[in-house]
């Protein structure tokens, strides 16, 4: 059984049931999520061992977050506790022409107070096949950024594959440093990088916002020789209820793509990018073929659109069946 | 901040959760609505002051209706209380080939006992930019019809724009008078009239049921010189779950239309016509351009199909974004 | 008022609300269903008298199953009680590329212990216009198979039309006999047979898995001279959320078909085959025209996709309106 | 199996979940009830055949009421349909010092339009052991009063025991006649009468409001020679959450009483008087001993306080166990 | 109609349904509350005009808080918006020996950033009969403390009665000042003070923790001559499910007390102290008799224990009925 | 951190929400429980490491059971999977005079097919401080009985304390052996035995059903020299809603007892005996004083009555606070 280690903030997600707006809601559904934990949960459901490292408030809310991760198969033995603030986000689900809306309350969370010294990466990464990070974590605090860099360095020294999804929201980064300051260091230790043309332009000044993916990816790889694959996806947003997803990868020698997966009835779009990363990692670690890994990425992403919550919770068999195009939509008995 | 005043019955709406049929339901979701109050709520969410005038039973049910209106930003200071009967309607939501079904229990409601003398229109309309009525109100009782006519007359005398949505269900009108008896008087004081070709034929004998809209609209305008715009919409019902909406307006000099808005996943169709009226009024009062107003009407209508309940509850920004075609369906963070 | 009698197991169906997966659920919605009872309920809603015969555990769970059938208009006077085990099935609803999944816990149920001698078919079938069976019942136990055969024989002797839906899951049949051993005896007493080309090949060795329906149907009819109609449907599964349904019938002289019904937003696919059988029986018994009956079958099937639970719960008027193509998707007031 | 026939209005009951007030509720739980139907359901759960006669609106709401009665074991074959109005009542549940509150919307219901000629009592009462009426029915309309009187007369002529619970709310009686006009005729054909000292004073002018029950009961019996038993209960209301119940009966020769049943945690008080009547009838019809019948009345009443909804839904065994004082409160496995 | 003005933070309250613990919850019920807003809502339900002043985040969460206040009759015209953080608290409801547990996330809320200059007290207090504050507000931030003091001073100058509930949790007060620094200034402008013996000892050094209430109250009054009444209550906590409440007041000339109200089935204890203050203010402002006001305080407090949420939502009639001891626990029809 | 190991079946528990009866329910709440797992969860919440050993069906239902245990802190690494049947039980919650009712469907479960050889006890028990068993496990199947005996023997050989709750329902034991055949072997390896006087009489023929506890306990200890403590509790069932609990222990030298804990508002009685065992084990393992352990047992048991589900989910601090009598029922902030 292969093993993934992830690192990042876990937030409580609070959303009105169904398609209710906040102004109509009298209760909120609880989930917990965060880009990296979402990847861990998705991989755990696909059959990998998955350990998530984070820091949570030392109270019944923080404990409940851990219990949620445990319920969804995560090894929570290395979670740290301290301070009192839980990162939260409020999600109002949209449909058709009405966009979903997210309001964050994550500043000063227990996670943002994390320091690199608190974590024993050598011990945690023992036996791991992959360490995964995202561009959200270094945006939260200097401590989080340092801890992430440390994890990458230790992974490198232990010969563990590092994958990074470099997308990062500009509205984070409030502690004094910028994407451009930090992310290059993280990428330089990464073997698999998920990055859009825009991200490569914005963070590294490669090409332009609308450049050709293959060209930019090659440039990125030249710049950071540890990189083996640069991966992205195309998302066509026909409406909040109808998206189309297509995978693409520059694997150092050629550009691979998948056909479009047509998600005609979106149930929950949040975390679909994380499901993409999870499918990619699963394929790379378990099947070791780029074409297969890319199909797993796109199929995992497509399936996540039909699962409520932040994380994909489908089995390896369900993804494989979609990759192979068998029995889609029939009832499994 | 512009101000709208509306007048009409507010009913308690009781509907099984999700797509359950009445024969399956063990609980009912509560909303409150009525064509005119729906317009007021939609405009309040878009940022106008909105005052709704109605009469409710003097008990905890009537109070709860008022509280619902207050929650959704309505000025309820001019609501009257008396008698004991709340108008109700039961709604069973359909899907695809299965139609939604509505059962009314609204006879002898507190509103039906309203008398023109009970309402101080001069005071209520002070500062208003628009008074809006629909063809439902005069159908309920002689008192309601008179009160509505009075409101129009006072609005005219105060120089307030009057808009009327003349559609009226034949199955109402049980008190001895007919559409043809009453609605012409109301239209003669109106500046903006929402009317289908069929309505113009049915109520005023203009053209035929299938006449050309522009021709009928011109005739109507000639007949009632206060009218500045005649407005309608085309609705293509592909199924209960898929509708297409297009706005059209005769503005006295030319026929304006919008493209179709394709609502591929209908969540709640009830009140979409009222959302159309609200968008129209918002555009006319705030933007004062016919093309813009018509787009606001159609976009507001399209968005309402994705909001549960009778009334549209989206912001001016959400409608504007759809009118301008930006970021549709993406997640707003 | 025409009367249907059906015979078969009734299971408690337990499913997470909405699109939740089992791993997310903290409550389960209760329905009760079974192929034959589903047909009975659908016909009761369409206006026929409907008597279902089954055996349930003699406890509060078995009683609740009976109460569910009574609520949905079934005559439950001939239900037997004994033993303690209720057949159950767990249903996780899928969407788009994610398949629904069913887990059965039905072995050793009270129904599986039924014996032919327990049932007074002459009394029960008095006044019936049709007896309906499916290939599930004989798969459950020797006693169930014998009781089913007895019902067919009594129906034959009383001149009551017998319809059989021969589809049967291979994973049942654990008591020592096979489809091929039992189903031919049941079919030989049946007048209307619902069977796919594959079923005819698999059970009777007619043609091959991919044969032409008309050819196979003719052969089947030649083999079993009581058969008057062989009926099937085409289902195109575009995804778990989008199916297309088309009826077809060999009526002894020609092949009839319906156009496709396009179910663009599937709400609950379970039991749609039973709704097809119910529509067929309704049409044959009440309208006595093959074309009409086939349209009723397909329309009833299409509508069931929009009704939660195992059984179709729409009225004769709703099916007729769809057959006639009137007012689809409009709101009925 | 003994048989009860009851006659009276069935209302839809709508109540906020738990202890929410109407001003807080966004959904309402549905039950259906009415004094006489409550008695029928309670007796059906105790094992008697139970037929309820009423008139319901001819729409999906009226049908749902019938389905509720069927679910709870009632023979609904003699229910009439017509008109469009369902009697409703809204219930807000209180606790401790906060009273429950009920708002009725029952005027002009389908039931109020019933006429004596619509009902074939001879056929309906065939095989019945008891006909039960309450003082609510004659208060609703002249037609309802006449139909009730007719049922009593037919019962008398067929030798069927008649029981009547004469309590009637003054706020009903809006059609021109009063309790004092009508109830004596109904009582004169009754064999078992449930009446408080106040009711006997108020309706028949017997004694005073605070008279001795035994004395009043004797006088009532002298006045109406068909009466065999006069029955009442004492209710001590310590709070909305804590009631104590004690049965009493004048059986023509002596006064019987039960000890107090202490209901320390009231879950739903509505319909507890009807459960009392049901227990009484069950005991009289099945055990034919006054002491036993009175204990069944009080025990059934006590148990109803712990059952949600209008009607008692406990088995004969559960009542018997309480009457015998065995295993109270232990878990039954 | 008398008018109250209150000032303080409004928090979103999130609690698992029923008695679930956080570790079991998958959804949370939403209410909004805060000591001062709770007083305003309670008084609004009793029939007073009630204006609450606060500062909320300028997003859909802050708007929803305002909508909640509007729904419950509050005048929200003077609410300020800014920043992004909503004060939250999580509540896990206990029972019997299990205590309820509250976790706050209120630091850096929009309210904590309020400054005295933002509020036009003269305009807001126009026409008010009472201004009410609590010891929570000055504990939140220097700006909140100053704004509160300003409101008291303006009230004094306008001749408006000021009431203050001086209780304050020590765990707040994180901005550098203490209770002892600030509360005396607020009390010196107050006419009615709710204070326990412990509070008087802790804040003013009057007596000791266990002193006699009358003695301490007299001393307090001597120290702050504007004070007319010092009020407190005794709460006996038999368990989380059973409390007893008794009012007491030193009115400058004698000690008044009420009997104990025995709340045998607590539904929601949060905010019962605020309901006490509301009853007191209602009685003082409307009945102007100390004995009556004290009874209103205790009765309002007792009733709140049976209402879900932070604020009492019972009518003046319900409180009066309890004060007068009529019909407690009976059903109101 | 001390460690407990438990062994036994885990069932899915399905119960109607609130106080609904099965005949009223349309959904069921899911929990998972079983006597031994309940002990493990309770101890995990109190802060011990807890490993539960069981066998579950190899499908999504069995996985969900594991996920529930993981969520509630259990080490599930030694759970076995196989076969397809999940043990289930249906629970209808009673109140006051109405008993709760349980219906089991647990025959032929995956657990009943367990064999002693499947489990590596030496590895599992490594580092454990206590192994706990109950009389349910040996009643299920010969394999379960043997596996349990094996665990006890291994524990004895490893010097691990063994505690056994010997109560066993007679209605189990369907595989050919009886309590009297098996339980003595299990008890002979146990150090702490929870047994009532009746159990000692029934299983070992000690004394009589109504014997003195101390006398029977001494005799039991003489018979099984490994026993150090014999423990029981008194439960007074005033009603389904009101129980009183008192602990008692014969510790080899004297009889210890606790005062009664008065549970005046029972929320969920199921599993309270397991909470008693958990409190006892916690006290013995952590505090090593018999008096303290007995108080922990009774307090843990009392608290469980207020927690929904099968297992106690309160912290060590909550139990300690009750044992010490501090702040009961106050709100913890």
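Which chain is which? They are A, B, C, D, E and F, in the order written, and residues in each are numbered from 1.
Criterion: a contact is a pair of C-beta atoms (placed from the backbone, for glycine too) under 8 Å apart; a residue touches a chain by one contact, two chains touch by 3 or more.
For reference, the UniProt names are A, B, C, D, E, F = Sugar kinase.
Quantities reported herein were computed from a predicted structural model and do not represent experimental measurements.
S.K.: With chain centres defined as mean CA positions, report which chain is farthest from chain C (Sugar kinase).
M.R.: Most remote chain from chain C (Sugar kinase), centroid-wise, comes out as E.
S.K.: Does the chain A (Sugar kinase) and chain F (Sugar kinase) pair touch with the same residues on each side or with different residues, judged by whether over half of the numbers are shared?
M.R.: Looking at both copies, the contact residues mostly coincide.
S.K.: Just give me the whole-number Å value for how far the CA centre of chain A (Sugar kinase) lies from that of chain D (Sugar kinase).
M.R.: 62
S.K.: Compute the distance, rounded to whole Å, between the mean C-alpha positions of chain D (Sugar kinase) and chain E (Sugar kinase).
M.R.: Measuring from centre to centre gives 45 Å for this pair.
S.K.: Give me the residue numbers in chain D (Sugar kinase) that touch at least two other chains, ranges are fine.
M.R.: Chain D (Sugar kinase), residues with two or more chain partners: 18, 21, 23-24, 26, 67, 71-72, 101, 265.
S.K.: Along chain A (Sugar kinase), where are the residues that touch chain B (Sugar kinase) in the complex?
M.R.: Touching chain B (Sugar kinase): residues 18-21, 23-24, 94-102, 104, 169, 171, 237-243, 265, 269-270 of chain A (Sugar kinase).
S.K.: Given the complex with chain B (Sugar kinase), which residues does chain D (Sugar kinase) contribute to the contact?
M.R.: So the residues of chain D (Sugar kinase) touching chain B (Sugar kinase) come out as 14, 17, 21-23, 25-30, 59-61, 63-64, 67, 84-86, 88, 90, 92, 101, 103, 105, 107-108.
S.K.: Show me the residue ranges of chain E (Sugar kinase) that touch chain B (Sugar kinase) in the complex, using the header's touch definition.
M.R.: Touching chain B (Sugar kinase): residues 67-68, 70-73 of chain E (Sugar kinase).
S.K.: Once bound in the complex, which stretches of chain C (Sugar kinase) touch chain B (Sugar kinase)?
M.R.: So the residues of chain C (Sugar kinase) touching chain B (Sugar kinase) come out as 18, 45, 71-72, 261, 263-265, 267, 299, 302-303, 305-309, 313-314, 318, 321-322, 327-333.
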